[in-house]
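Please find the structures below.
In what comes next, chain A is part of two complexes: it sits with chain B in the first one and with chain C in the second one.
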Partner chain A sequence: MLYEFRYRAPKTASEMIRLLDDHRDDGKILAGGTDLLPNIRDGNIRPAVVIDAKKIQSADSIAWSASEGLVMGNAVTINDVLRCREARELFPVLCDCARQLASHQIRNRATVAGNVVNASPCADMAPALLCLDAFAVLESASGTRQVPFSEFFTGVKHTVLKAGEFLEKIIIPASAAGARGYYLKLKRIAGHDLGIIGVLMVRRNNGIRFGVSSAAPTPVLVDGMLDKDGVDAAIVKVLAAIKPIDDIRASGEYRAFMASTYIRRLWQEIK
Partner chain B sequence: MFDDLKPEALRYVGKSEKKVDDTEKLTGEAVYVSDMKFPGMLYAQVKKSPHARARIRNIDSGKAQAIPGVRAVITGEELAYRLGLYVVDKYILARGEVRHYGEAVAAVAADTPEIARAAVEAITVDYEELPPVLHHMDALKPDAPLVHPDLGSYSYVAAAFTPKPGSNIANHTKLRKGDVDKGFAESAWIIEREYSCPSVQHVPMETHVAIVKWSSGDKVSIWTSAQSPFTVRNLFCHAFSLPHNNVRVIIPYVGGGFGGKAGIGVEPLCAVLSRKAGGRPVKFQASREEEFSLLPCRSALTYRIRTGISSEGKILAQHMTMYWDSGAYADYAVNVTRASGYSASGPYEIPNAWIDAYTIYTNKPFGTAYRGFGHVEFHWAIERHMELLALAIGMDPLEFRRKNALRPGSRTLTGEELTEHSGSVLKCIDTVAAAISYGKITKEEAGREKRTGWKIGKGIAALQKAPAMPPFTATAVIIKMNEDGSVTVNLALTDLGQGTYTSIRQIVAERLGFVLEKVKISFDCDTEKDPYDWQTVASKGLFLSGNAAIIAAEDLLKKAYAVAAEVLHVGLRDLGHDGDKVFLRHHPARSISFSSMAVGYMMPNGNGIGGPLIGVGKYIAQGLTNLNKETGEGHPALNWTFGAHGMVVEANLETGEYRVLRIASAFDVGKAVNPELVRGQAIGGMMQGLGTAMCEGYIYDKEGRLLNPSFTDNKIPTAKDLPLEVECFVVETAQIDGPYGARGVGEHSMISVAAALGNALRKATGAEILHMPIRFEDVWRALRNKKPIDNWITKSPLGSCRSVKDIPSVAD
Partner chain C sequence: MMKIKVTVNGLEYERDVAEHRTLLHFIRDDLGLSGTKEGCGMGECGACTVFLNGKVVNACLVLAAEADGASIETIEGQAGSFGLSDIQKAFEKNHAVQCGFCTPGMVMSVKELLRHNGKPTPEAIKEAIEGNFCRCTGYTQIIEAVLDLTGQGDLKGELKHV
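Moving on, here comes the complex of A and B:
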């Protein structure tokens, strides 16, 4: 890095909380670093203290239990998810999204927690977490709280996380196991790229829901649809929920068009 | 240099020998300038302009100078040196005015990169923002701000270029052939269209980097990642008025150049910092973002073509106007304009042609050489144009191309008559057409269409290019024999991955009759130890240096024979040789080994004769001329390499999504000295062409700031974008004066890939796309008759380049 900062690596959650409390204004959490380090390099942020979340005990653990569901510590990487048998078998849509995130090398570093905390509209893990009713477990000096991802994102690069608070783990409830679906992501090249638009369709207990990325200030969940409503109604509902913009990657018009195209494709594929 | 040797008589030429630098590169042993570090070395960083055009009121570098570890801070005011390859128009650091976003205004050398960066951040610049001129078509308007108001006072190469003082025109190249008015009058159809493409970046793996040490007595040593050591030295010495023997340029392994490192780059900046820091070596390595805007890019082009065609489908007249966006400085862009100007029609015979090619200054990062030297850009236009012409007159595009293609007896735009040895574009076209089953959908493809619901289309695009170089371009090669009879070859042509050294090695081994293992090409280039070479550009390296290598090998053998004749007391004509010795042909047992005479032969009594055996070969381009500045007539082409691509794509008619299924490429290389290397060049260039065709391109905001100066939003393709099937063919119409019949093919594989894609997509979808790159959304918009995206890739802010009547007229 081109300037000096302090690096701290707490071993426990309470140590982490203490550090965060001490550095509410000048601290940044390092997980995979695939967003943090480019931001530091580009001069967008300049933390005085970088607090590594990976050394906290069991932060890199991904575990399934029928009682708790799939529990992912905040240092679980995207490739950890893809290597986890239960994730692949019980949460295939989570893995679909994971496979579409960046490149293999980046997936070795990038974490699920980092992907959502960074809160980019194009976060690839968000559609899956939204559609699977996942929630974040947040820790701070004032205690623990659980926030479902449907309430987690508040704007472009903004979440409900408060100063001094960190995301300790992500839990996908056992009730979501077995949900079927697929994630379609429009890119400029076949290799790793940020999505121009991404649509995940998930079927659970006969209900249908969509998680949409790169289409609004935050990743969007649209749920409460049934087969009998028909695909056209689903498209209307999703388009009403998203607000795609014009930028250098695509026009909002094309994004909306491709979102509806993807819904139609998925509707046909995922029976 | 073409020997009438049968292929079976050749031992190495024509064989796919292993690349000479494979092992070093794969193991990481190869040392690049990026890897280098010298005792006491300082690190440089530059302060860059956030504005496209602004007056520099004041630069305050006091705080920066006070930072411990800062050894030199420098601003443009201290540096009166102007640089320029053809038009001398650029300061090392901006003076008085910044002319593009990302331009360097101040620089720092410090003990560490961290200190240098902190110092740069501590420099404050007071700017007065000025209205920039951003789109090259707007720059032609009478009231456009002038990027270089002092253009009239700049020196330039008058034999080749024509700047227009008082305008933004850095060069106007003209070509007039036949009688266009008559040609149009006789035409059954007249069709006019306009095509465009944006600036793109070369994206070498190793970014620009140099280390310079300015020693006492104004002796300067330069280690640089560059393509052309002697050109770096020459331009450097001109800029600083130094004797050439004061300056030494060393180029080790180079991590790619693609034209972006053809001339001079960051070397002068390091040099002035080193001088100011008391002679400590200074290293500067550009970041990826700096590659996009501090360093040059490829020029954007707007190309307007009007064509008259006979009722039989023969082109009778063509009026061509090229508007090249030079950016803030002329650099290579003026020569891109010139070289494109005389090749502007592509590989077709145009009996009556009228060409105006303008290089236009704008307030944007400047344009330079890029693989193809303009030909990728204008072939995009001309090969889309040929397609659309054929459709407009109801002919099959392949037939239309065949009918108008250059062939023996045709005259090029500059009046050169092609012969049966000039290479055959027809053979290339036919080869790729057959390879992709052009004109039909196979059973398998029909099945695929049914399965996917996507439509398959096939397109062809042809191409031509000759080396763009001064008519007297020359090179030399030296072959030194070692004590054991092996040889080491020195040349200042660089090998930056294209593989020319491997081919030169094969040529030297072939001509000497030595086993390949006895021939080594010295990898580092050093202006103090290697013989002159003009530049590693233009696909001329194998041709010129290959010929020089043959002559050097002959010279070495001649000198060895002279020693052997004296030792053996025989006439020269009685001698023959193999890989180890020179012998008497009718008594082969009477011989002397090369090793015994390599550094001087000792007679039995101890007397010495001969001396170190060194072969020298030089080669200068033959019979080329300057072009008449009014008519463009003359002989600019060392040789023409022709080629063609055939592409198969499948596309979704609803969404504009597409995939390239297959590409077949053919080039008339004269002789493939190393077929695998030709294939490597063919695939590499094809992918680079496909990247610019699909997604690459500079996007600016309305203030002229580059919005995509990194890989986040300037995507380049990866291995995953490779078409499913890639085929490469060589056609071998021997070039009489080429080494073993060879001609260059380094750039050609990138040319016309975009047009082949456009043509195949048109066939699949009906979309008429006239601008690059072709993103899915562009296809979708074209299919729905929606306006192209207004994101500055294709449009000027005023939309002035979209309709004919708005084109500003340019005074002659």
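Moving on, here comes the complex of A and C:
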């Protein structure tokens, strides 16, 4: 790393909050580093202090209970999710998104928390967290607050997180257990790549919903659909909710076209 | 600067490192273990793949400071006093090495795969080495090496050489 910074590794959440408070302007949280370190290397960000959030006690715990749901600490990695039996059995759509994120080595480091705080439009965990009514627990010197992911993303690389605040855990409520669906992610190559468009369709007792990535400034949730509305109505509704752009990976027109193709495929597949 | 203690290939090291130093540069330049390669430096190519506490990671995306107390395994730790490891032998036998730049990383990813899956399908092998780029040998020989090693040599004929 050409650029110099200091490294701190708090052992408790309160120590973390104190450090963050001291470094509101020049501190950056480090989770798996798979977004942060390339960004520092490229000179896009220049923190004076990098605060490692992985050494906080039990931050790497992923635990299921029927009362709380699936609780994931801030240091839980994508592969930790895939190794968790309850995650695989009760939240298959979470795992379907996880499996399609980056490469095996990256999945061993990348955290779910880092994926959502980084808030890229193509964040692959976001469609699942949106469709499963997950929420983030945020901690700061002024206390704790809970924010559902439907209100978490505010723009490209922007979230509701304030300076001095950190994401302590992500919770998927028990009521979302058993939701079924698949995530279709279009990439330029068969191997690991960021998405051109990603569509997750989820079926829950109360209806059908879609989580869409790489299609708008933020990941998008489109819910409130029923079988009897039919697939054409679903496509109209999703296309009205997304704003795909032209960039180096694809044109906006192609993204919209593939979004509707994927919706049609998923609609047939997930009965 | 900070002091870190790591175990690399079974040997303990205690060193002062700059806090912004990557684990990759620490391994290559401070410890002199140059078997681990630097390709892209951005987690794309996998040339720097090593084991960190029993899991493969891109050493270019880890700080040496984060590895304090950790156990690390690199390509230098693979061959024993009786010669190359089984994975290395299979790579050699199946012509899965040409320039050799991706090989250290490939061997690490294959080792992680075989720990969890004794008979991986060609599809599972492809997935395991998805984060390791090869730009000369071609992936087919690498996949064949793994099939051969896992007693599935009969599947080799089904792969296309490009």
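General remarks:
The rule we apply is simple: the second predicted complex is superposed on the first by the 270 of 271 C-alpha atoms of A that agree within 3 Å, B and C clash if a C-alpha of one lies under 4 Å from a C-alpha of the other, contacts with A are read in each partner's own complex, and residues count from 1 in each chain.
The rule we apply is simple: a contact is a pair of C-beta atoms (placed from the backbone, for glycine too) under 8 Å apart; a residue touches a chain by one contact, two chains touch by 3 or more.
Computed from a prediction, not measured in an experiment: that's the story for all the values here.
Ranked by how many residues of chain A each touches, chain B and chain C are led by C.
In the superposition on chain A, A:3 makes contact with both chain B and chain C.
Once the two complexes are laid over each other on the shared chain, residue contacts for A:230 go to neither chain B nor chain C.
Of the two partner chains, chain B and chain C are each touched by A:191.
Of the two partner chains, chain C is the only one that A:108 touches; chain B does not reach it.
Of the two partner chains placed around the shared chain by superposition, chain B is the only one that A:258 touches, whereas chain C remains out of contact. In the superposition on chain A, A:34 contacts chain C only, with no contact to chain B. Once chain A of one complex is fitted onto chain A of the other, the partner contacts of A:207 are absent, as it touches neither chain B nor chain C. Shared contact residues on chain A (touching chain B in one structure, chain C in the other): 1, 3-4, 190-192. Every residue of chain C that touches chain A in the complex is listed here, in rising order: 2, 18-22, 25, 41-43, 46, 49, 55-58, 60-63, 65-66, 109, 112, 126-128, 130-132.
By the touch rule above, chain A contacts chain C in their complex via residues 1, 3-7, 9, 30, 32-34, 37-38, 41, 50, 52, 54, 79, 102-106, 108-109, 190-192.
Those residues of chain B whose C-beta lies close enough to touch chain A in the complex are 113-114, 117-118, 654-655, 657, 694-695, 699, 707-708, 712-713, 715-721, 775-777, 780-781, 789, 791.
Touching chain B in their complex are the following residues of chain A: 1-4, 186, 188-194, 248-251, 254, 257-258, 261.
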